[in-house]
Amino acid sequence: MAKVYSDATSALAGLLKDDMVIMAGGFGLCGIPSLLIKAIRETGVKNLTIISNNAGVDGEGLGLLLETRQVKKMISSYVGENKTFAQQYLAGELEIEFNPQGTLAERIRAGGAGIPAFYTKTGVGTLIAQGKDEREFNGEKYVMETGLLADLAVVHAWKGDTEGNLVYRKSARNFNPMMATAGKVTVAQVEHLVECGTIDPDHIITPGIFVQRIIHAAGLEKKIEQRTVRQRA
Amino acid sequence: MAKVYSDATSALAGLLKDDMVIMAGGFGLCGIPSLLIKAIRETGVKNLTIISNNAGVDGEGLGLLLETRQVKKMISSYVGENKTFAQQYLAGELEIEFNPQGTLAERIRAGGAGIPAFYTKTGVGTLIAQGKDEREFNGEKYVMETGLLADLAVVHAWKGDTEGNLVYRKSARNFNPMMATAGKVTVAQVEHLVECGTIDPDHIITPGIFVQRIIHAAGLEKKIEQRTVRQRA
Amino acid sequence: MAWTREEMAARAAKELRDGYYVNLGIGIPTLVSNYIPDGMTVQLQSENGMLGMGPFPYEGDEDPDLINAGKQTITELPTTSYFSSADSFAMIRGGHIDLSILGAMQVAENGDLANWMIPGKMIKGMGGAMDLVAGVKKVVVLMEHVAKEEKKLLKRCTLPLTGAGVVNMVITDLGVFTVGKDGMTAIEIAPHVTREEISAKTEASLRFADNLVQH
Amino acid sequence: MAWTREEMAARAAKELRDGYYVNLGIGIPTLVSNYIPDGMTVQLQSENGMLGMGPFPYEGDEDPDLINAGKQTITELPTTSYFSSADSFAMIRGGHIDLSILGAMQVAENGDLANWMIPGKMIKGMGGAMDLVAGVKKVVVLMEHVAKEEKKLLKRCTLPLTGAGVVNMVITDLGVFTVGKDGMTAIEIAPHVTREEISAKTEASLRFADNLVQH
């Protein structure tokens, strides 16, 4: 069962269809599966429901799929940095379901872990709890949130081996590990593709069982959204 | 806030009282907080409720607390290897609450993660589901299980730094990371105590926020329960 | 001539497919790993927190930090990864394991499975069995057809259940049986074993498949 | 004379304790990290998956894989650890963070907080704010007392809530206010600010503490 594909387009072959649900890792532009998103755009697949913490920015990340109007609905926690998004949303062309960031992260983890629903304090007494079951535990109110699954998860990792074991680098980890567990099929782009046995098995964050296809994203250009620096003394 | 203590006894000082709930990491005798268990025994604290996947063996691990009858109740998934346990249980001197292993692991994770309850397929239609809420999601039945917390968690790790960041080695990881998150206070014994900055921050499994006290378990003797080997060709 | 334990394990190994992730229970199921066909890649999961389980170590190489769910010393492979028990059972509960092969005391024609307690006897606990049968995509039971004169393929389990309606296939020393919505079906019979013998030793309503294989 | 943003941040820093784990919101709260007293150890959490957040990098040292929850480039410290968003919010929701300091549009006398949406305007989303206010042990709001003539300390929030009954303390340019079961209490007043000015600029029922500190 060879998991390694030569490029993003071949790795996505046969996996895309209109109206599907796709999870895409990343926080802002950090740790996003940029090559896989570009390849999705090229296929022209449409009416997508995208589960991703953010919606990219104009011309980068998921912003690319918004430009081409391939997205029907976003499930996100924050979409502030995207003019295309704002235009389509205000024109009623794009649906959005806001989830608190921690609830979104936990819903994805739950989906991958076979947990159909869980209770959280987050959002109790707010719009987020409307229409959802509430229940008291130890005298405190909690709201029920459901697990999320996707037809396809696309993730970015720092290093991966031919078995699909993944490790992430610094804050580029973010949503990628949970999404890898919650896609019926998960495709990973990795900056360094290595042989099995090269990564210390105690350091692996995503075991290969969760990754069906993997590509080497050589020489990837990674964007910085907000370059903040301090002066040298 | 110095987290490093000189030995198990001083690390537990002020934390123990009768009738408390203690979580103890480990699977079988693998990755158990052996020094901390011995120190708990020496204090004579009693009527303990212990949450641990197993109950040790005679003379090792939690078996030591059973010998001295310090345990009132165990919450475990499997207690097969312990004669003291069997005797006390059959004499009605020891309570046991069996949890499926995955449910136990998830209840502990949920406790530490602020999730008071979740649904699982595990145990539906069995004794385990009796008296628990059941609910259907997508036409399938699930049972509600609640989060678990403890007054104290004692865990074992391979390496730890002075901030309390922990890494585990091979299958000695098991229940330790979740338990570290679910104790009001968590005390860790580590085989290698190192300075901050020594462990690659991408490799840390338990961030120091979860560990209040830490001791160096130098030259620890680790037991093997079932020595199985193959012959050299 | 009923199958031996080794033959039962070899038959169970035919349920493996290339790329499968598999959890093997204690006892006869453990033997299945000896029959993985050459050229087929199968990763074994150990529910205490390991994927890619290797064979027992050479004498002197035992590592107390490296055990399987049966608490036996084992080894790692180039594909190995380690994770916590919560992550391990997230993997199991979430349906990521393709196949679980485990032993049983009783299996009912509706797929119910009992393998963890006998009322009145000391209860050791279910360990990870309830999670495995509830979560794994395909559950194959490997057991003797009859134990101490007691039938084990039943209309209804008399022992407390490990899981309800969870078994997909049973392999015994006498044959191979599928379990589905339409009940239990014999699809293979061990050499020199007769339909009559199987019927006599089975309480469950049993259909014999049209394309039944008599080994 | 109302406090400046820097003075407000300095006052908020007095809520820090040695060994605290703290999450700082975007805006004025970020400035609080400049006022951590010498010799006090405080670890800053960034909810995108980092504990032990360091200062901005020197020019040329920016790393696209190392950003905070405001998407700004930052650095790591010897104490730093990284984790997933699920683990990060497990930490937050589970009550492991001691203190959250964040901005707000409105705070009500019952501790309700509104800081994520204005009906009729483009909604950007709540990000991690709802999780933080629901999960963190102590929530301190740092904001202007009045914005564009609109009062912000109210009897009831008029904007959609971020959390109900979650605020423990409010620090504005005019003073410091605790929020508890007995409502809102002014405990400190900025230099040259009068009780009358505060009362006039506050809709919430406000008690002045017996041991009120007039700076």
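Note that the chains are named A, B, C and D in the order they appear, and that numbering of residues resets to 1 at the start of each chain.
Simple rule for what comes next: a contact is a pair of C-beta atoms (placed from the backbone, for glycine too) under 8 Å apart; a residue touches a chain by one contact, two chains touch by 3 or more.
Since this is a predicted model, take the numbers as computed values, not measurements.
Shared contact partners of chain A and chain D, listed by label: B. Greatest centre-to-centre distance from chain D is found for C, with centres as Cα means. Between chain A and chain C the centroid-to-centroid distance comes to 35 Å (mean Cα coordinates, whole Å).
With centres taken as mean Cα positions, chain C sits 28 Å from chain B. A straight line joining the Cα centres of chain A and chain B is 33 Å long.
Multi-chain contact residues of chain A (touching two or more other chains): 106, 109, 113-115, 120-121, 168-170, 173, 201-202. The set of chain D residues that touch two or more partner chains comprises 76, 82-83, 89-90, 92-93, 135. Under the contact rule stated at the top, the pairs of chains that touch are A-B, A-C, A-D, B-C, B-D. Against chain C, the residues of chain A that register as touching in their complex are 1, 109, 111-115, 161, 163, 165, 181, 195-197, 201-202, 204, 207-210. Interface residues of chain B facing chain C in the complex, by the touch rule stated above, are 27-31, 53, 76-81, 86, 89-90, 96, 98, 100-106, 108-109, 120-128, 158, 168-178, 205, 222-232. Chain C makes touch with chain A in their complex at residues 18-19, 21, 41, 43, 45, 51-52, 76-83, 89-97, 135.
Across the complex, chain A is touched by residues 46-50, 55-59, 61-68, 70-74, 76, 82-86, 88-90, 92-93, 112, 122-131, 134-135, 160-165 of chain D.
On the chain A side of its complex with chain B, the touching residues are 106, 110, 113-121, 135, 137-138, 140, 142, 146, 167-170, 173, 200-203.
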